[in-house]
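Consider the two complexes below, in which subunit A is the common component and subunit B and subunit C are the respective partners.
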Partner chain A sequence: MSQNILRILIADDSDTDRLILQALIKRLGHEVIEAVDGLDAVKKFGEDHPDIVLLDALMPRMDGMEAARHIKVLAGERLVPVIFLTSLSETEDLVRCLEAGGDDFLTKPYNRVIIEAKINAFDRMRRMHDTLSQQHQEISERNRQLLEEQSIARRVFDNVAHTGCLDSPNIHYHASPLSVFNGDVLFASPLPAGGMLIFLGDFTGHGLPAAIGAMPVAEIFYGMARKGFSGADVLREINQKLKLILPTGMFCCGALVEADFKLGQLRVWNGGLPEAWVIRADGDPVLLPSRHLPLGILPPEQFESVMEALQVWPGDRLLMMTDGVLEATNDHGELFGLAGVRRCLDRPGSGRHPFDAVVEGVRQFSVKTAESDDLTLVALDITDQPEVPAVQEQPPPSALAGPTEWRCEYEIRERTLGDFSPLPLLLHICLEVPGLRTRGGEIYTLLSELYNNALEHGVLQLPSEWKHSADGFGRYYSERQARLARVDGHYIRFSLHHTRKPGGGRLRVVCEDSGTGFDFRNHPLVSGQGGGDSPRYAGRGLLLLKRLSNNITFRGRGNHVEIVYDWNFSEHQGDGDDR
Partner chain B sequence: MTDRQHLDEEALAELQDVMEDEFDVLIQTYIVDSRDRIASLRTALAASDADAFARTAHSLKGSCINIGAPRLGELCLEAEEAGKAGDLGEGSELVGAIEEEFATVTGLLDRLLVR
Partner chain C sequence: MPIQTSLAEDGKTLVIRIEGRFDFSTHQAFRDSYEHADSKVTNYIVDLSDTTYLDSSALGMLLLLRDHAGGDSARISIENCNSDVRRILSISNFEQLFAIK
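Take a look at the complex of A and B:
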């Protein structure tokens, strides 16, 4: 073993003893610093930072024990072995030396073999301590870096995945501030046509890898929801993206809910999350279990994005959670489980919100309060007209003037009718007109009413009456799926035409379909002959079109609808909070 | 009286080996150092300061043991113990014995230096 050259402080008031000791130590190859008493030893320790200290126990001015105490304080976290030089033979004197911080003794007469062995032993100990404290420092530094990285990642993530409309009065949620590092994500966005889209996800894994997958999901979710893509489109896009970027074995359990408050309809897709609950106003629960593999597993061509439709009424509540809720354990090691959730919800008349009941239930059940940081829950109240707080995240107005005089025609045909919604594309074209950008919601509503009427009632010939009963509702949607497979020869054609007007512009939208049309001349709402005591779906759609547009005209056999939408620069100044 | 040797030849041989050129310096230092301490023993005795008496005897004992003068070391231990016990009744006799032994040791060491 290669000899380590050490710097050794020896303090002894006896010149004879000091002479002998320094000669012995120098012969071992070490560097010697001499001190003549305790005070001198403390001073030289501070100046020369020796590795090992040899102290005579009894010295004038300051004895070895007091010097040892000072030296240990000065050494701080460094381990500096202090060895007492002594001819003391009484046990209690030796004990006092150890109590003063001494690590060992050397007795007189000095024996060079023992001195060498002790110095080497303490040198090993000293170096081990140095290594340990260095590693400890490295670990602390690593940990500090990790926390800093997390907080940076968190800030980036927050910029991408703002809270959307999670602060709406009809949404309740629980998520730890760092939940993204547990792999949990929760997004909510208002839809251009009204209603909301909510996504709850749980990535496999923890820490940064889990958070990294969350970023593209947030971007896809908020980007597509704003542009009016359907829930199924959003799911397909998320699945494809995650499949592409996540390594094998990493995926995202998730549930997506599309809420249409006007229609009183929830569309739900659950892939790998615990059962979502719909608690009826009267307390009856409906469970919506996972029917799909998690996101990021199946290739796009095998991915099934059909959403389950469920009719809901004001007073109903939707509850979704990650498996952190079911996996909470009590001090007997029992799991909270689905039964735990059921117990919380099975107390009708308590007047408590199901969300509060479950959160409180898990807290009381769980041993470690920290566990409640690992779970994410969201509840959505079904209301007539939810107030959606203004989304701060308006696309910044382009500096370009944009097109104002243009015309375009877009037709989708046959199988594409079932596979693809033209609405985001059409909306995008319209919103290129600067004056229309703040009117995206209205434009989207107009386009989607025209499109849905053309598709469901025009091409597919689905009677809207079916939607008024619970049975018919289900039948309506299964029939819709079935008929979408038989659309040979069918089409829906949009013609958009925008012109400038003094102080604004005019958008003309014509929507034609290949269906048989309807008898618009005798329709009470079209002919304006009162009636309408039972506001049916089609009636509602028509009312909406009438209210939002300046003019609506039916032509042909009722399969050709034209609306005119005029806008002025002076309007919509109130919500022009463009940051 | 102790039956230990005046000088431990083996220990001295080893010291000579360790100290090399400094051996003479060491012996001279020891002699000067010890003379001072013996004088201090006398002073402490005159002042009836048992504590100082014990401390000085302790120090002297250490270097005597180290230099290889075991009998002198043994006498110092007796003096240290008497001082610690606060009993300086035989202090004068003890210092006398120490002085006598020191003279012997010094004579022997001198011969070592001359050689």
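Take a look at the complex of A and C:
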């Protein structure tokens, strides 16, 4: 019946008994190792590694119980059945045999049928144990490999998705080191014009499939943010990419925030994440709920990338989280939920940062600390002058190489005015001049001030004083959207002209638009008489242009602006800073 | 069985009922429920009256059903959700893709 040959150790000090048993077992087809007492048994066990051990209970030098204890220690993880051979029949003695690690008894005189049955039974048990421990080892090995692979993958991911400007003093975040394998991603990048772009995402599913989608999102986010694309452009690109690469049923819930600290403006898009919160300096909350389908579901032509604009002031704080926060569970099986977040934030005057309040709240609520691995939170403080760490740029090649004498004209017309921002393209052209590369921030600001002014006040005729009140702010942006649909016959034309001059170069930018212009001759800021309000160039925009450029000239009916920007090699070369 | 299917009286509406948690563990059963359905089926009702919880992989499964049922022309209604389930569906703005009653 037993097909496999076992190695069986027999220890008995009685030569006769040993001989009988040995003969019986050999006849069953097994191999026998003989020992004459306990000490001998332990020694032979160490040398020959038998599969099953038969021990006489009473032996000189070392008895069976003692030998059993040694053998079990030597066997370690292996299951080696130890069967006592005994003529003892006192219950107490039999119990002692079992306590010493024995697995069963065989009583003398021997019965061949019983011996065979017991050996077979213990062989089955032994093999089952082997299979189990082998599987267990395989599983631990797989798990170790998986963890190792994850940490390598994590390093690759980190190189693509570096922390951007997440370490800025006005950003607080919580993300587990392996959060990408829970499907959570968090990116932040400074924008060339100042300000920041932050993306928080949560892919469906866990593990590798969730992590894989994160890579292209990181590339798109950082690549486009650096080049000055708008948040809406970044969203469209991410959605299109994910729609293309993810199978149906996989998608990414996400929220994107574009923060402009100079204008005091947040633009928010939330598709499938829990409410984002803006906590005003006085503690009042504003909720920004999800208004869109998650990314990667809709085809590009149905995707809605319009961002909600919200006016903010220094002291306000933005808080975004993934659903891990809402789904934290306590030991009664209750969810933390939106109510939990509200409880944490609804304590005006506590002086606690909303971020700390929520993180602490979830920790206290959920019993399992492991759960904090599944949640990602980020908070952004609105400040006057955020210190954004400089993004490491490649060292500029020789400032003399590259194009220095060139001119170009670019005009966008009609519907394109609403669909497309020419800024990344224009910035790209300017930054081909090596000497301008370290000044990308200033150039972008100049171009975007000119462009936004031409578009919003020139073409669309939006009065900028609307933006000064909370009501007007919303009205401004809805009206902006509405008027963008009626831009027939309108255009904005940029003419860029770069020349070399001793020790540096000069960039001349002319921006013309089809609007009605404004009375620049009597404008206090243009004429240099200071103070006062005006429907166009009411405030910061014009001041910025004047401060950053060497000269600014208005022509025509005020719809033709020319600025001159001079740069020198000697100034802030190679320091990688924008200012 | 956490997922039960039945054909409505009109003979072309498949009703899929999900009991308990609608999450990744029901993936195969949910797929089987509509892939093995009668070929005359043109409309679907996902009945969530006894569904206590729904996660993002369930949202993914609903999208797979929508694809199976013809994508933009799919006729699927999601019915009788409790408030937690309803909230998850509306955070993800699934009312843009499904009739949620």
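Following the convention adopted for this analysis, the second predicted complex is superposed on the first by the 548 of 579 C-alpha atoms of A that agree within 3 Å, B and C clash if a C-alpha of one lies under 4 Å from a C-alpha of the other, contacts with A are read in each partner's own complex, and residues count from 1 in each chain.
To be clear about the criterion, a contact is a pair of C-beta atoms (placed from the backbone, for glycine too) under 8 Å apart; a residue touches a chain by one contact, two chains touch by 3 or more.
This is a predicted model, so every value here is computed, not measured.
In this superposed model built on subunit A, subunit B and subunit C occupy separate space and fit side by side. Once both structures are fitted onto chain A, a short way to say it is that subunit B and subunit C open up an angle of 80° at subunit A, using Cα centres and rounding to the nearest 10. Within the superposed three-chain model, A:Ile238 lies out of touch with both subunit B and subunit C [touch as defined at top].
With both structures placed on the common chain, the touch criterion links A:Leu24 to subunit B but leaves subunit C unconnected. Contacts of A:Leu318 after superposition: neither subunit B nor subunit C is touched. Contacts of A:Leu58 after superposition: subunit B is touched, whereas subunit C is not reached.
In the superposition on chain A, A:Gly272 makes contact with subunit C only, while subunit B stays out of contact range. Contact with neither subunit B nor subunit C is seen for A:Leu545 once the two complexes are overlaid on the shared chain. Applying the stated contact rule after C-alpha superposition, one finds that A:Lys108 touches subunit B and leaves subunit C untouched.
When both complexes are overlaid on chain A, the residue A:Ala11 reaches neither subunit B nor subunit C.
Distance between subunit B and subunit C in the overlay is 59 Å (nearest C-alpha pair, rounded to whole angstrom). Interface residues of subunit C facing subunit A in the complex, by the touch rule stated above, are 24, 56-57, 59-61, 63-64, 67, 84, 90-94, 96-97.
The touching residues of subunit A, counted against subunit C in their complex, run 202, 204-205, 248-251, 253, 271-274, 289-294, 297, 323, 335.
Of all residues in subunit A, those touching subunit B in their complex are 13-17, 19-20, 23-24, 27, 56, 58, 86-87, 108-110, 112. Residue ranges of subunit B in contact with subunit A, taken from their complex: 11, 14-15, 18-20, 22, 25-26, 29-30, 33-34, 55, 58-59, 61-63, 65-68.
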